[in-house]
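Please read through the structure below; I'll follow up with questions.
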Amino acid sequence: MDLDSVRRLLERGEEEIENNSIDAVSSKTEFFDHLTLQGIQIDVIEPGRIVCSMKVPRCLVNSDDNFLHGGVTATLVDIVGALTMYTVGAQTTGVSVEINVTYLDAAFPDEEIEIVGKVLRVGKAIGVASVELRNKKTGKIFAQGRHTKYLAVSSKL
Amino acid sequence: MDLDSVRRLLERGEEEIENNSIDAVSSKTEFFDHLTLQGIQIDVIEPGRIVCSMKVPRCLVNSDDNFLHGGVTATLVDIVGALTMYTVGAQTTGVSVEINVTYLDAAFPDEEIEIVGKVLRVGKAIGVASVELRNKKTGKIFAQGRHTKYLAVSSKL
Amino acid sequence: MDLDSVRRLLERGEEEIENNSIDAVSSKTEFFDHLTLQGIQIDVIEPGRIVCSMKVPRCLVNSDDNFLHGGVTATLVDIVGALTMYTVGAQTTGVSVEINVTYLDAAFPDEEIEIVGKVLRVGKAIGVASVELRNKKTGKIFAQGRHTKYLAVSSKL
Amino acid sequence: MDLDSVRRLLERGEEEIENNSIDAVSSKTEFFDHLTLQGIQIDVIEPGRIVCSMKVPRCLVNSDDNFLHGGVTATLVDIVGALTMYTVGAQTTGVSVEINVTYLDAAFPDEEIEIVGKVLRVGKAIGVASVELRNKKTGKIFAQGRHTKYLAVSSKL
């Protein structure tokens, strides 16, 4: 996939979604990507690496503790990891094989976070990217994960 | 936490959310739990084990392939894994340390799925649950994951 | 691979190795398998499932705490997971993609342990097995892991 | 733990073990650490980071393919990850909670490899390190993993 296509996929989340407009995007088929990527900005996109940033949205915190939901963090490892693999020319989107995330700290609403995807390997069959999430100001890492895909299958993309 | 409290936390998602009513729940603080647990039914809840089921909602599929989003699967491992730990009397909700998921197959919209959480360990400090997701009719496993929490911290719950 | 071939691969470790005879096996090419499988007995071997048991050998404990080394546990997830995949007829041995292990408890020298491998999926390309390690008497799980392989490559086996 | 103590723990493997002298080290209680760290050299050791290198020993390859055994790679993630956490002053050695490894490529006998441990977090209770293994000449990563420990327990060290 060329960098512009990857950029467009990531930019789906560019607008911030206010609670009262979730309804507006909820009928799109890519609602869940849209929701979890909301307000995202691309800082760097180059073959093998993506750096993007966003403000933790209030509607994506967990109910116990009021910080970024662990499921959203895992979803960001999923999406940004996949898009990072696409920057080095994967011809197919493949399917996920494994996602893992280690949680190191909390990210609170309105905090600016930075998400860094880095290709570890993209072969014909197996692709792997690491994804690190950190506070944009302090650089403090709050989660690190990896996403492994089996790439030798076609999808609709 | 007693079983009734855990049951209530899981039942937050009991209603199916139609696209045109996502707006209605989106102002709740526990929106993301609500969204990913929508339409859930509890089949078994006992100390150390939860079995629940849901129909894969159309708004939670990925944009490439039209099957259940990998980030939603990871979120279900997160939430159901945590609630399973709470069934054996954890006094605090703790924080996530690690979530991993291996993806084995696709789950398509309107497919009935079963989510099985099982405690592997709940000590004073560390809790671990395995979570298996399968097709309810055929029993075929489409994902398996584990959720590890550090339990010795208090939260608002 | 047929069950008898898998059985032979597992039985490589059948003898207990006393410290003063490690030298005797150390020149074999499969030394590391031999070492970590030492004293192993096969209790069940059938398509998709292996149950085997062994006594924790004194030479495989960690230096800090005198219980089974975390690296040995990971190695058992590696080997027993792979052999379990071979029981359902994989034509090639493939290569490892991911191994993860959650440690739940300690296993002390001379403790009888049971290792249970279970196939989660074996397709043409991707195979996954879960491996659970427990105390043989009490059934208490002390570690659980998964091994994912990319199967569509040949090896010398 | 001070840097010199960590250095000494890592240097246990400093000698290369020839097959005919495995017997000589096999009676030591820390045999398994000794075996898997054999021939190791410390290139950098500083608070939060260790870089070390070794030549892949012939006795640590797998039997199928003649490259570094996946169990050894996992063991290196275990040991080097733990020692990296100790460089930032952990007072106790703790116990392992989770180890995961993604395998990206093969490392063949006599290949010079570099192992890089980096602290992601060391708190009072939870410590996490990432460990990357690569070919020393080319820099090509062949495995990446993370080791998570629960640190708030004492051990004999």
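As written, the chain order gives the labels A, B, C and D, with residue 1 at the start of each chain.
Criterion: a contact is a pair of C-beta atoms (placed from the backbone, for glycine too) under 8 Å apart; a residue touches a chain by one contact, two chains touch by 3 or more.
Values in this document were obtained by computation on a predicted structure and should not be read as measured data.
Chemist: Hop distance check: chain A to chain D, minimum number of steps through touching chains?
Modeler: Graph distance in the chain contact network comes out at 1.
Chemist: Could you work out which chain's C-alpha centre is the most distant one from the centre of chain D?
Modeler: Result for the farthest chain: B.
Chemist: How many angstrom lie between the centres of chain C and chain D, each centre taken as the mean Cα position?
Modeler: 21
Chemist: Would you kindly tell me how far, in whole Å, the mean C-alpha position of chain D lies from that of chain B?
Modeler: Chain centres of chain B and chain D, defined by C-alpha means, are spaced 35 Å apart.
Chemist: Residues of chain D that touch two or more other chains: which are they?
Modeler: 97-98, 100, 102, 148
Chemist: Over in the complex, which chain A residues touch chain C? Could you list them?
Modeler: Against chain C, chain A makes touches at 97-98, 100, 125-126, 148, 150, 152.
Chemist: Can you tell me which positions in chain B touch chain C when the two form their complex?
Modeler: Listed in rising order, the residues are 98, 100, 102, 104-105, 120-121, 128, 130, 141, 144, 146, 148.
Chemist: Quick one: in the complex, what on chain B touches chain A?
Modeler: So the residues of chain B touching chain A come out as 12, 19-20, 22-23, 26-27, 29-33, 35-36, 59-66, 69-72, 74-76, 78-79, 93, 95-103, 106, 155-157.
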